[in-house]
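Have a look at these structures, which come just after this line.
In the two assemblies presented below, chain A is common to both, partnered first by chain B and then by chain C.
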Partner chain A sequence: MIRFKDVKKSFGTKEVLRGMSVEIKTGEVFFVLGCSGTGKSVMLKHLVGLLEPDSGEIWVDDDEISRFTEAQFENIRKKCGLVFQLPALVDSRNLYENLTLGIRQMPFAQQQIVIPKALQDVGMEKIFPEIFDRYPPSLSYGEQKRLALARTLLPDPEILLYDEPTTGLDNKNALLIHDLIKSISKHRNKTSIVVSHDMRNALATADRLAVVDAGRVIDLGTPDEIMASKVELTRSFLEDLRE
Partner chain B sequence: MFNVDLDWKGPGIKVLMGESGVGKSTLLKSLGGVWKPQSGKLIFGEERLWLRGRFNQNPKLLARMGFCFQNNALFNSMTCLENLCFPHRQRFAEVAEGKRLNLAMEWLEKVGLGHTRDLLPHELSGGMQKRLSLARTLILQPDYLFFDDPTAGLDPITSRQIAKLLISLLDNHPALSVIVTNDQDRAKEWSHEIYELENGGLHLKSSEANS
Partner chain C sequence: MIAAQQFQFLTQIVKRMPLLWRERREFQLQFADVAIRSLSTTITAGIFTGAVLALQFHLQLKDFGAESVLGGLNTSGTIREVGPILIAFMLAGKVGAYTSAELGSMKVTDQIQAVRCLGIDPITFFVLPRFCAVALTAVLLLVFGLVISVLGGMVAVWGIADIHPDQYLLTISRFASNTSLILATTKSVVFGILMGLICCYNGYQTEGGTFGVGESVRKTAVQSMVAIVIADFAITSILETVFRWLGWS
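This part shows the complex of A and B:
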């Protein structure tokens, strides 16, 4: 269970989270929708201690983490895998070194079993024989995004946080990633929070969705409830689907 | 890593789609003179982009091209106004500075950023940065325009606004424009000529205008 309770966060004079309150259940695929600059990514960064709230409470299972120290965050970070909006790969390291950043303690033989599986999950199994020879700049942007996702999946985190995982991907690969998000959550009982602008896939993948505006949740519900919503911003987001 | 043959006539908008990694951006950057192809010819009108025996692009042709990058590639240390003035100064050195400033202000107004003249790019939202990037490309009035996924990463509302803005800007500018996108909704709004790049080459996917 993840819970935000009246969380506020400002950057200088700019208030980004203005009393964010929401609860996400274990095993749920939860999508967060909203315009740019409304605090969606900021919300995810609070969960892994990259940002500290000005006030309010943030719960991850039985831990209230909003005032955790760096040392205390170590366990939370093992529990949470974050897929960044940008691929955030290390250009000077080969693909194998990038993929194993979170599993360096794992024996090499075992890595050779789990890496092809993770690459297959993101539709990049063909690249496995080349991972020692190739570097991130040799991949397209979409391939970099998928490799970054494989890297996040490898340590098998309990909670997966996706910050726009399909931005820059074509429809086929976007669908593949959304199917993957759903199957990981269902078959391995992982909690997934996905910040996304992809309305079609969000509605097909989510258990519940929240629409965020000005740092607060203004609409919340199952895909059917969101489709029938009367909230103006939600309806505006759904415009492409109605045409 | 692919062989592409194309013969496009302008003015108009061509949309380029395809799976990630298939080479959409590579093709666009090759067309836009950002990258040199390993082999083959790139001819615009009567002129070749890469002249035999020279390492640089044909400067006359390059001056007629505009490229709008996916990540905007704005100058972070320059104000919005200077982001427009700088490339204009590089290309049209002969234009008086007062005239240039007025022109840059006009373009800021056209893309709805008149109030941002003294702001730095990082002070703008993602959609505003994209609008600035479009203005910076179009202020040079190029004959050939290349846009790399101009709505990537934008929320649906901002994405629709950018798509409409781009259409209105291009309507008043008779150029041959190529737009790479993954967004099918926007692709249909931009053009009837949608091309799909696959490993086997480039195929016309949709051409209602011609049917």
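This part shows the complex of A and C:
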């Protein structure tokens, strides 16, 4: 379970989170929707200690992490894997090194067992063995995104955080990523939090959705509840779908 | 303020030195890359630094009929002052700017954050191998560049002033003593560390997309040159005092 309780965060004079409160249940696929600059990505970064809130509480299971030190976040980062908006593969390391970054301490023999499974989950099991000594820029953007997802899956985190996972992808690849999110969540029994502005795919993939505006959750519910919502911003997202 | 933050950053790097073996492959790649990429610059800078100084000394010495001491004077002047500073400037512009841009790009494309989220310390992973590679190659290239600059001076005066290399080399040991070598080596080491620190610090602190990367490169170039000039003055002052105190000069 993840809980944000009245979390506030400002950058200089700009208030980004203005009392964010939301609870995400274990095992669900939870989408956070909203326009750009409303604090969606900022919310995710708080969960892995890349940002510290100004006030409020953030709970990951039984840990209140808002004042955790860098050392304390070590365990939280094992529990929460973040897939960044950009693929964020390390340009100076080959694809194999990139893939195994999170499992460097794992014995080689064990790595050889878990790697094919992660590659299979992202649909790269056939091409990867031939390209493992290449470098990230040699892959297409979609392949880089999938490899980044496999890299996040390998340490086997309980919670997967996706920051705009379909940004920069065409419809076909975007759909593929959403299918991956859904299947990984079901087959690996993961809690998934997906930050997105793609209402169509969110409705098809999510167990529950939150609509965020100006650093607060303004609407929350299952896809059916969201479809029937009277909240103005939610309605405008839904109207965009009909056009 | 910046110097204090950079010093703090240096202490973080130094604390992690024992972990360099973990990133030895990245260190080796960076070392080879930096060395190969900078060799032509170092050779060019070395040859012309030595040559231009030799010609300048020759113009002045020939009026006094003292051309016989040209080799010693030129070597001493080159390796004590002009050589280290000019070659360091070239390397700061090339190696420093490149490393700063590389780290900066990694920062703004979330590569550093991503590695941190995977439970890896980004300073050990990204900065330590680059700092060590830049500092070590800069030291070696500076020493190599100084040797090349002596040869450059020798060839220049042989070609233009018809002073034979034997005659040029004869007086080197009289003028370019151990103190010159200690000065040159100390400067090379300090300049190398400064270059490594400044480029890694600015690259690692990059914020604000591609504009931020450009800003980091600019800061690296400016700060490196200013730091090198100040360090040059400080090292010369301190070591000359020490040499006098020891009766070596």
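Some points to look at:
One rule holds for everything that comes next: the second predicted complex is superposed on the first by the 239 of 243 C-alpha atoms of A that agree within 3 Å, B and C clash if a C-alpha of one lies under 4 Å from a C-alpha of the other, contacts with A are read in each partner's own complex, and residues count from 1 in each chain.
As a working rule, a residue touches a chain if its C-beta (ideal position, glycine included) is under 8 Å from a C-beta of that chain, and two chains touch if they have at least 3 such contacts.
This structure is a prediction, so every number in the text was calculated from the model and none was measured.
By the touch criterion stated above, A:155 is placed in contact with chain C alone, chain B being left untouched.
Touch criterion met: A:167 reaches chain B, while chain C stays clear of it. Legend: residue contacts after superposition of the two complexes on their common chain; A:74 is shown touching chain C, with no touch to chain B. In the superposition on chain A, A:36 contacts chain B only, with no contact to chain C. Of the two partner chains placed by the overlay, only chain C lies in contact with A:82; chain B stays clear of it.
Shared-chain residue A:90: touches chain C; no touch with chain B.
Applying the stated contact rule after C-alpha superposition, one finds that A:101 touches chain C and leaves chain B untouched. When the two structures are aligned on the shared chain, A:142 is found in touch with chain B, with no touch to chain C.
Contacts of chain A with chain B, set against its contacts with chain C after fitting on chain A, overlap at residues 85.
Across the complex, chain C is touched by residues 48, 50, 74, 77-78, 81-82, 84-86, 88-93, 101-102, 104, 148, 151-152, 155 of chain A.
Listed in rising order, the residues of chain C touching chain A in the complex are 26, 29, 102, 105-106, 109-111, 113-120. Of all residues in chain A, only 33-37, 85, 139-143, 145-146, 164, 167-174, 197, 199, 236-237, 239-240, 243 touch chain B in the complex they form.
For chain B in complex with chain A, the residues that touch the partner chain are 17-23, 25-26, 70, 125-127, 149, 152-160, 182, 184-185.
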